[in-house]
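Naming follows writing order (A, B, C and D), and every chain is counted from residue 1.
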């Protein structure tokens, strides 16, 4: 098998070479992403079923969400995905400074996303547009509008937790990159976090139209 | 129609039961055949090809494929399960499609009893009374958690859901009595949530209807109350001998003070008993869970009076025994 | 003949100290840690089972109240399923043998493997907290709205199961990557032992199904805390939807339990009849087929729940479809015995028990997949008997067989063969005495989860309870001779069974790095038609 | 497109590909917002989901490198989506078809949870905002009491009688 890319410092003893280790990590990450898809999948299922049962209520309730804020957040997340992809690209070319810049931008954009989300949440809390028994708003026609807000908070909340987790991972990458622990020969962790971050983006790409645009 | 029970199946009490049994028995014989075939061959091979004492290890034949055999054991089971599926689905449709002319009885499940209300306005608890030879549609719902209406002799079962109706039907051709079980776990009293289905001849059913609203005529109120105590299922949770069950005992409480779960005290009098029957959650005795369902609509005024008289009578007995 | 001492370099001794065990990343040690965990869970769940059976010895309250009984059957179910049987074969035995069988030094992510054990321990502690706080009485299925209304400790138990799910996911993820990327040179997909195929198929289910359990339990907890209205009918939710969510995980979970057992049986039957596997590829592919089709049959748990008739029809049809690959496996095992050279050591006895009891479990599954018959049998003791014939008669028999088979590899010593056979026979008799009567009372109409019962069913319950005592005696004997073999057992040598898969080419117990040299694959794992390897201890 | 990259060279995506994909994603975001303002009935849902699927595919194929990488990863990814689709699809075979035989079993008995009874009982609270829910509302009179009240209403649904 290969020998040229063997990088002793990062090669664990049970792997034959760096290529095997990298491919294992990548497959492991994809399988992990698969479990993430199915974890969110339960909520997508709940969304679909209740939307089919109560189409009018969903239509009325989704108007309570702010398309502008949701749209800005979509732009922010997509941009952060681009910067994440670029961070990997620069590391492939051993351009560490640019990688640090791109990772920092990604981190900041993630922060912006959460801040906007925070304002949206506060507004909902203020109005009593809350999940389940905490729902006290009276301006939405149709059966059981609290279910829409349960679904909304569950989906965006779970997504928000993933954004926070991603921010932690990116901050960790930044620290390691600064210390010079990555190079074009070994940048697997950046690649893995990148995959995760793109998935978080991808889920939002579906949440935005489902919740904000078509209810 | 042979209605007697077999080793595996209880007696058949409904028109659909023999059809279900036929399929059950087909499955039984099929399973017995395959079980005997597989274990028989396993035992035969084990004896025939056993390694004898002291025999050295040897190479064994390279048998890895046998196209004919493999096709056979894929195709034959496939055909058999195909038959089972179609037969089972047809039977299922029979159980699910309710005859148009069926008489509708409303069934309500709640912790932990069944109540039935009949088209003529009569009601009954834990005893479903139906005329023989007439299709009966059950329109069922639950007051609390999921229950399941199960009459083994009829081979019918259906979950009873809160906030939704579910339906089942049966036609019992012969008069008789059958067990009714709750088959979906529903808590402490799950195994006591059992009742009877009484199948009466058309004439007996009409008689029952006219007298079903037990008037208590010719009985003194306490006697009538004692009957209601059993028939309206107070007995599942309240003892008359001083034991605490899911609810406090009826013995010796009348006229005495009890402590409520919020710490206040109340005297057990006519008003308190009436309130506890109609609005059980209002004043719960300390040490008990607020689990009693309301009997609003299930008990008539004079029936509550009779129950009160019955509880009073337990008080007297207690005093006489000189505790 | 074996040498008289254990090999100097072995994973049990090297490195030394408790800390080296608790921080180990060696898959063999993690396997042993899991083995300890599942043994404790098995004994705990077993005690619950004995108490349940004792209560049912006679009608009415025998030794406990209805509430205690309800908590006991719930705890028996949750402990046996989440703490014992799901991690049993994959995480305990699988962890130990999978890398050895494919000639790898370890699993792909050793630290993740250790993490998954710690998550298992943490999840177990959280779940057991609910016992300390007063127990749970919902049944292991946590059906809403009962689970949102009961005052018992639903949240700690479901949160524990949620955490345990991650342990299962990480094990599955690890196995998938290990099988794809870490096979020794020359170990092609079709040279893998069938046990590896079974573990691979199991891992696929673990990663595909478990996340849905996770989100289901989160929704259930939130339903209890905030009444979010997804599953609770009082808030506009749908309890039948909960059942879909729950069974989308929990039916495939049944295959998480049985598939690795089938893998063990393939190994045992081939080794002890010294025959190459008949239909290697059909068995391998049927494992994967069961794993995938098994996802599409969950609705057969809901035939009388109020789901639509057309859904019932679809699920019934697919249920029959999944019966075919199981049947193929049984016929292949049977044919493997033909013209073999069969010996009957303890592991093989368990394999034969499996053939008998799993066949009964599988055939009675046909009754339950048949729509009209299931309406009568659903939620009766017939179902209880059916799944115990699959779970105990299938998985646990396979686990016991596998445990005896790899015991000398794990610890380097043999257990007492005579006691092994005696206890195997006792367990088989006790098992059938416990559960066969349950088929009869079930089809006679005895509903499950009943604290009390009408007198018609008394004799069947009595037989069943006596059977549970017989089984307990068998298990106690087994525990005793297995534990005492750790110190006194005869030295086993590398290959006490004369088996051909790779794990038998290394020392017993293996060295910390499994193989001193990169293993070379010279023959398939079941090539008993080409190769004879002498046993390191003579057959009895 | 190479089905499998050479053993140890990693694919470096050109910068213009990343930027081009990014721009396309932003354009599609604008497009889907715009389309959602045009009433197309059922087609709104279909168009929105179609655009989202295109966007997600672009992310997966280019940002996540599925286009260049080992096909196995693509298989893993699609398996996730396939099984999710099966989960939702089979569940809907039940939830959408319950009233096939009996119309009365299809719908819940009460289509509003019990808590709305007490919400309706305090109409003064939000009454003036009815019909314009998203308008920047300033007063919130959701009292903690009312929330607690709902918590208690274990809500026994309407009786079958």
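Here is the rule we use: a residue touches a chain if its C-beta (ideal position, glycine included) is under 8 Å from a C-beta of that chain, and two chains touch if they have at least 3 such contacts.
On a predicted model such as this, the values are computed, not experimentally measured, just so you know.
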{"item": "Chain pair with more C-beta contacts, A-C versus A-D", "value": "A-D"}
{"item": "Identifier of the chain whose CA centre is least distant from the whole-structure CA centre", "value": "C"}
{"item": "Chain A and chain D, separation of their C-alpha mean positions in angstrom", "value": "15"}
{"item": "Centre-of-Cα separation between chain D and chain C, whole angstrom", "value": "37"}
{"item": "Chain B and chain D: spacing of chain centres that average the CA atoms, whole Å", "value": "41"}
{"item": "Residue numbers of chain A (touch at least two other chains)", "value": "23, 27, 31, 34-35, 37-38, 41, 45, 49, 133-134, 143-144, 146"}
{"item": "Multi-chain contact residues (two or more partners), chain B", "value": "96, 144, 162-164, 166"}
{"item": "Residue list for chain D, restricted to those that touch at least two other chains", "value": "72, 79-80, 83, 87, 91, 95-96, 101, 105, 108, 111-113, 115, 150-151, 156-157"}
{"item": "Arrangement of touching chains [line / ring / star / complete / other]", "value": "other"}
{"item": "Complete list of chain pairs which touch one another", "value": "A-C, A-D, B-C, B-D, C-D"}
{"item": "Sites on chain B touched by chain D in the complex", "value": "96-98, 106-108, 117, 139-141, 143-144, 162-167, 297"}
{"item": "Residue ranges of chain A touching chain C (in the complex, touch as defined)", "value": "12-15, 20, 23-24, 27-28, 31-32, 34-43, 45-46, 49-50, 131-134, 143-144, 146-147, 150-151, 154"}
{"item": "Residue ranges of chain D in contact with chain C within the complex", "value": "72, 79-80, 83, 86-87, 90-91, 93-98, 100-101, 105, 108, 111-115, 150-151, 153-157"}
{"item": "Interfacial residue positions of chain D with respect to chain A in the complex", "value": "7-8, 10, 12-13, 15, 18-19, 21-22, 25-26, 29, 32-33, 36, 44-45, 48-49, 51-52, 55-56, 59-60, 62-64, 69-70, 72-73, 76-77, 79-81, 83-84, 87-88, 91-92, 95-96, 111-113, 115-116, 119-120, 123, 125-127, 129-134, 137, 140, 142, 146-147, 150-151"}
{"item": "Touching residues on chain C, where the partner in the complex is chain A", "value": "104-110, 112, 169, 173-174, 176-177, 180-182, 207-212, 214-216, 219, 222-223, 226-230, 235-238, 241, 245, 513"}
